[in-house]
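Look at the two complexes coming up: chain A is in both, with chain B in one and chain C in the other.
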Partner chain A sequence: MSILQYNGGAIIAMTGKDCVAIASDTRLGLQQQTVACDFQKGFKMNDKLYMGVTGLATDVMTLSQLLKFRMNLYKLREDREMKPAVFSALLTSILYEKRFGPYFTEPVVAGLDENNQPFLSAMDLIGAPVSTSDFVVAGTCTPNLYGMCETMYRPDMSPDELFETISQCLLASCDRDALSGWGAVVTVITPEGVTTRKLKGRMD
Partner chain B sequence: MSGAFESGARKGEVATGTTIMAVAFEGGVVLGADSRVSTGTYIANRVSDKVAALHDSIYMCRSGSAADTQAISDYVRYFLASHATEINRPPTVKTAATLARKLCYENKDALMAGVIVGGYDPIEGGSVYVIPLGGTLMKMPFAIGGSGSTYIYGAVDANYKPNMTKEECQEFVKKSIAHAMARDGSSGGIIRLVTVDATGTTRDYIPGDQLPYGP
Partner chain C sequence: MARRYDSSTTTFSPDGRLHQVEYAIEAINNAGTAVGILAKDGIVLAGEKNKPSNLLAPSKGPEKMYKIDDHLTTVVAGLTADANILINNARINAQRYIYTYQEPMPVEQLVEKVCNYKQAYTQYGGLRPFGVSFLFAGWDEYHGYQLYMSDPSGNYSGWKATCIGQNNQAGKNLLKNDYEENLTIDAAMKLAVKVLVKSMDATTASADKLEFCIMTTDGDKVIQRIVPEADVTKILEEVALETASEGDM
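After this line comes the complex of A and B, so read on.
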């Protein structure tokens, strides 16, 4: 089994009208055995920027701590917030530094830029980025996630519609993956603020 | 017991990484199973039926390779039907279990199948026979099997009491399988319950949102 499938996980980030949402499951497993159902995979970087990291759990934790550290340092030096596109570029650089001994993670970046326009990007474990305007997915059930998102996504959703859509996409995809699920968390980021909700889903 | 990742599984093979269980009571047997069938980590069927009918009052819970266990249950069903016609009365659970064991033991190199045969006959009442991977046959008061069973050995040992009623057996099976489904990635979906006694067979299912246990 691939090292990226050892712990399991699923993440979606999706855009709406002047808002973004990021959803992740909360399972931590050791191959088939489930060890925890409250493992955090979505991390707040600042009020308008979230990062979701899936893959090997130890690298999920390490990478999120490392990025938070680098963001704090930037804020102290530059005395301004880091833009999402800059954060994404920093992340790709950090991942490629470890090109021949990588972090076994597939991160996803979701935020609002300085004009409150939605920004999304995702990358592979060595930092190859892709930036889209609709949605990005990562995890052990990406085929399921792509299928659900392609079907259910439509542009310019309101924050409530976006929450509903991203939740259904994540839950249905995890229901068909033995390594994902056991709880889910969805965060919706708007210019006014951030709302985080836990989803009630199957715990099997 | 077998799981989807033990050596022997061919790439792309569909496996019922599973939790199966059967408990005998005075006048019959309660058999239970989850409903998840996986190909690697993709869930190919989330509402499958792993409790196969071998005869009117004899059932078999299947775990391991889906193809192997379907083939075994089809053969046993066929042999039992001929045998029942020949002896002109319902077959015994022991006969059904012995037939399954012969198939599992004599083809042990080719098969990946762990099964539990349970049912009612007028001679022994309710009985449970378990046939793990190599083809051993063991008659037991209750049995658990499949990849999810490893998580509930302690729980079933603690909660089992001899001489339980039918309803107590049903609750015991439901609760145990729910616990296994919560921890095992290869088990999940719904719980299928089959109760066999002298009056006949009842099939029941417990949907995923009504499981007696869940974190």
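After this line comes the complex of A and C, so read on.
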């Protein structure tokens, strides 16, 4: 049993035409026992930047709180918002600081940069980042997630199409994973604003 | 007599004073004035910018006001370099509190943290005290709007209205006479302008020399607003009109 699979979870982030979406399940389990179906894994960092964190639940919470701390200080000192790429770099730095006693998390960053261009990145628990232009996934069912996204993704989707696609990818992947599912939340970020919706999926 | 006991921060003089701390307070009395006023539904902070030369590049943000957190802000009087250290310290403390307790730091606790940090420089280490005084303005759900003044000794006190920096005595006298409880924000702003105009003395008050920050709440959210120069000019004109007719019978 891997520590990264103790609590379970699944996250996808995907780009569309001038928009990004991030979807996460909301299950919190203790191995096979499900304990909560409203556990937050997607965190708003600012109006155009979201972070999704999977892995050990305590580290999911700690990491999001730590990043909030660092972002707040950045905003006060630099008098501007943090760009997604900068945020991603900070996150990799924080994770690598704990190289020999890491946070057991695999975070995902999704946002719009200062020109409203979509930005995605994902990293492993010690901060090795990967930035793609289509989609990134993380969690206990990544093979499922990769398969679904690779099949259903097409570039330049509108916000509504993006919402449909990312939702179906997540739901279908979680259905084949005992440790993920039990509810899902999808957030779509556009230059005009952010829309967050809860999905009705199988509660098993 | 003071000579022998004034060069070390960590020594009392025979008449029970810490001279270094007092000298630090003197340094602040040469700095630009800052005033803070508690209103019925908000706080008004104002400061006089010191503009030693026209060659100075215009600053991109406020010079005397510093945001500590969403619900807390401060005006500085004294050595800016010293202030920067303390403000950074305050910001980190405020974030640490949120990190630990997942709620904003109560105003007095933050003030006390900063003051305890300042106090250390009056008791040990052989380092000089910070040459800064602060006016902290904040709102928390436990005590509402609060205004605190803190000085180099590490002492702090809560005020309804006060001022620090150049000519603060004149400012305080004016506040003593003209301050009333439950002022509106607008009335408090006008009073702050009057105080600054009085303390600026010979120099004429103009909007580019003044900075204003208004703190109010909107439900649970605290809003801090730096007043734009155009609005400051308007208020300066209104105050000038009022004071001009004050002497008339």
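Everything that follows uses one rule, which is that the second predicted complex is superposed on the first by the 204 of 204 C-alpha atoms of A that agree within 3 Å, B and C clash if a C-alpha of one lies under 4 Å from a C-alpha of the other, contacts with A are read in each partner's own complex, and residues count from 1 in each chain.
Here is the rule we use: a residue touches a chain if its C-beta (ideal position, glycine included) is under 8 Å from a C-beta of that chain, and two chains touch if they have at least 3 such contacts.
The shown structure was predicted, so the numbers you read here are calculated from the model rather than taken from an experiment.
When both complexes are superposed on chain A, chain B and chain C sit side by side without a clash. In the superposition on chain A, A:134 makes contact with neither chain B nor chain C. Looking at the shared chain after the overlay, A:1 reaches chain B, while chain C stays out of its contact range. In the overlay built on the shared chain, the residue A:29 is in contact with chain B alone; chain C does not reach it. More residues of chain A are in touch with B than with the other of chain B and chain C.
In the superposition on chain A, contact is made by A:176 with chain B only, not with chain C. By the touch criterion defined above, A:73 reaches chain C but does not reach chain B. In the superposed model, A:164 makes contact with neither chain B nor chain C.
Of the two partner chains, chain B is the only one touched by A:202; chain C is not.
Of all Cα pairs spanning chain B and chain C in the superposition, the closest are 28 Å apart. Against chain A, the residues of chain C that register as touching in their complex are 60-61, 67-69, 88, 91-92, 95-96, 98-99, 102.
Residue ranges on chain A touching chain C, taken from their complex, read 65-66, 68-69, 72-73, 76-77, 79. Against chain A, the residues of chain B that register as touching in their complex are 3-5, 17, 34, 36, 38, 41-43, 46, 147, 151, 181-189, 208-209, 211, 214-215. Contacts from chain A toward chain B in the complex involve residues 1, 5, 8, 29, 31-34, 37, 140-141, 143-144, 175-179, 182-183, 202-204.
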